[in-house]
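Both complexes below contain chain A, partnered by chain B and then by chain C.
So, the complex of A and B:
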């Protein structure tokens, strides 16, 4: 098939305090709360005092670290119900942040990728950001035919909710689009679909 | 377009303009009248200058517009106690002379993703910024310039920039304003700001240190040392493994210059320890290397297995390089 090893998939980091930064922003979703708690535990009191955490309780796996995060009294916490609200909150925080800021992202691949889009728009570079993957590797897929994005795709072939074509999910990850590419699955021979296998989630 | 022969273009001096008591601006065009190779803001040329003590290769930033292929402009500050290249440019070169010049190379390009460009310069260090501003002005990028000079008679280039760009340019030391406070210039900048510094080594160090103190990462800090990084020191001997030639490096010349003087060739580009082009393998060493470049990592330096011949030296009884 058209599938090989995924060279384009981002290589993720482990969240550790970036001591050279003067201000710290951590944005997490679902299972991403766990690495953020570990990060906060490794921070000095001074770093915690200059940290803002944005946490989205939206989760594919159902894991929540909300109460543990709320127990961190000396850290500013903003809780939102959806990942898209978390991205909006990130945009708000970055719009007034200055040089010297460090960004920490944790959660699903789609969440980290879309948060990276927000960070890149503010000119943050890779040496100012750490990203830790948490939870499942469900995919965010971009439809090459109708430009629709679909979250949490777990199978090789699925029906695009935008154009209702059967799409095969390619193993190419686009950092710019923060998504895997989906293309018409029976484009060569109409009606002949590839095997509907589980993706490596 | 005019083409290079043996790595150099033949450029004719069309105009020589004194802009400060120490700096002349030279306007150059192709001796054959053709268009010049294009360049981007921040590029430099290396001029091969005839002096009483042989040929000097001096790098100068291009300060004309990258969008004008009919001429190049550079500014040369006369350094009386230097190696003689700048003095020869001031005293021996006149309008109509043809000078061999390498094609433009850029070790100081603009960041394509910056949301704001902050330029800090001292004296003749303003020259690459002239071309960078031309580029930004056409593309519509946000920028500001902070230039320190030693007195009103040294402020001509700064005043030219103020004429072009107005209050986006701040001049220090021209008699109207005091010293530049670098920490204050860098303070509370929005995300995505990039700083570019060109000037004396202590100014560059100061900007890098103040930026780090304020939490800036290296990806946002750009600098070019226009002062000759200098490779003078104790004499030493180098052996070229491929030819077996044994070459004395005198106190006044670099390893690269000594090798070239004997008629051998090494790859090079910046001749200032920045670009990495001349990186050469060390095969044998009896002594220590004196690394003076900005290219090798700490690990590479400690390995004693690589040297940058354009600036670095050695204190040794034996040095064999793979050249």
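So, the complex of A and C:
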């Protein structure tokens, strides 16, 4: 079973203003504030006036760009404390969005993935969304055996809180589940675990 | 191939599970009709797509092959669906048109190729379906899901051998929209639904580098209804276990550590996958069936000795990346060593057995 080198991982973009957009929504978390600040700096005054930023201060690394974002006083800013609140805010904004809406996502891979689930439910196409990875390489992992999702996994092998099996995290990513796949690490011989390396790529 | 002309009797109570003590076994005729997937002594991937036209009197005779295991395999499917609801059958909501397409293709093919077992009678959209092997006699309205107790794809594929993955065409790509996969080899349907062609092939080594995926996708996108194509693939499985999903890996992966040089002949099974792809007429989806055949190394030696020799050579020279990908690392050497006893090194014919001059099972 291939663990690394699997080509199903998303390829991320760099956030740049999408000129065709009439309305711009940027949703970021933690370190994702930095690319959003860069995006705002590249926008015209007209684009900034039609932009809403949703920023979650939840961060695995502790990085916050809150004060810099609050300094952008010509941009509408909604601040929330958790990533799940940010997804709810995105849902609210998209529920009233019209044609011409462009979406910008920045943050951890798990955050971008779950935000993509919300966006897909509203039928946004890939060419209407830009995604920039920022911050740590923590992963959201789906346990193939008990269906539990674990956020912020940092190592190649971890214990599933649902079924308590030691799982190996494959570099295999499902956009629909917004998660990497975790499978029993010592499936063939109990106790024979692969190396517990840091997930830093 | 004279002894394959008589269809073997159907065996109704074989099991594919440890609880059922793995009573699955092949008859001599059942082995010698297999779509043996090794045309050469050395194996490497290729697209190996060819028109799916009837060939020979074995597994390539019908559009959708059934064999002596049909009844047992359909019963196994029902058992797996009931044990793990939502895990082995998934269909996204917009796939309903493709579901009816698939039902039509399966039932028309079965009724045409096996009129002694299946009859489909159409009166406009009022269809009468008779499956004498499973004792089913139903009428329903084609296109109206309320006239069936199950979704059309689940209803039809509960009466079919093999797994079925339906790919929808979207933006010049093929995306998994539905699947009936009670016998999948080492992947998760729930995880893979919604993936694009390159994504669901991600775990397969070498394909990208060899340029096979680009060419395969372009080829498949040009497929037309009524012109199916096929390829064969293979892996090895310990015990005659059909259900080897990622979900149940903790149940079956330990079996790999039980193989020895002595017991490999009975434990190790060649798992042959016959994949006949069809473009569906209304939905424009493509159905990717995986008709799976299991045969133990010992059965091959007994009933198809030349195929056993060929398998020995192909396994002995298998690329290490494929040994790992197919999960053979722990017992590959035992399988090769067991088969070596029965390989005298005699030259073997090249080509698939259903092709002119291809390798035959041997005396």
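Going forward, the second predicted complex is superposed on the first by the 197 of 201 C-alpha atoms of A that agree within 3 Å, B and C clash if a C-alpha of one lies under 4 Å from a C-alpha of the other, contacts with A are read in each partner's own complex, and residues count from 1 in each chain.
We take it that a residue touches a chain if its C-beta (ideal position, glycine included) is under 8 Å from a C-beta of that chain, and two chains touch if they have at least 3 such contacts.
All values derive from a computational prediction rather than experimental measurement.
Colleague: Determine, under the contact definition given at the top, whether A:6 touches first (chain B), second (chain C), both, or neither.
Modeller: second
Colleague: Does chain B (first) or chain C (second) touch A:187, or do both, or does neither?
Modeller: second
Colleague: Contacts for A:198 in the overlay, against chain B (first) and chain C (second): which applies, first, second, both or neither?
Modeller: After superposing on A, A:198 lies clear of both chain B and chain C.
Colleague: Could you say whether A:22 touches chain B, chain C, both of them, or neither, answering first, second, both or neither?
Modeller: In the superposition, A:22 touches chain B alone.
Colleague: Based on the superposed arrangement, let me know which partner A:97 touches: chain B (first), chain C (second), both, or neither?
Modeller: first
Colleague: For A:73 in the superposed arrangement: first (chain B), second (chain C), both or neither?
Modeller: Neither chain B nor chain C is touched by A:73.
Colleague: Is the number of chain A residues in contact higher for chain B or for chain C?
Modeller: C
Colleague: Help me check something: in the complex, which residues belonging to chain B touch chain A?
Modeller: Per the stated touch rule, the residues are 113-115, 186, 188-193, 212, 214-220.
Colleague: For the complex, give me every residue of chain A touching chain B.
Modeller: The touching residues are 20-23, 94, 97-102, 120, 122-128.
Colleague: Which residues of chain A touch chain C in their complex?
Modeller: My answer: residues 1-2, 5-8, 142, 144-145, 165, 170, 172-177, 181, 183-184, 187-190.
Colleague: Can you name the residues of chain C that touch chain A in the complex?
Modeller: Within the complex, chain C touches chain A at residues 186, 188, 190-195, 198-205, 208, 246-250, 253-254, 256-257, 324-325, 327, 330.
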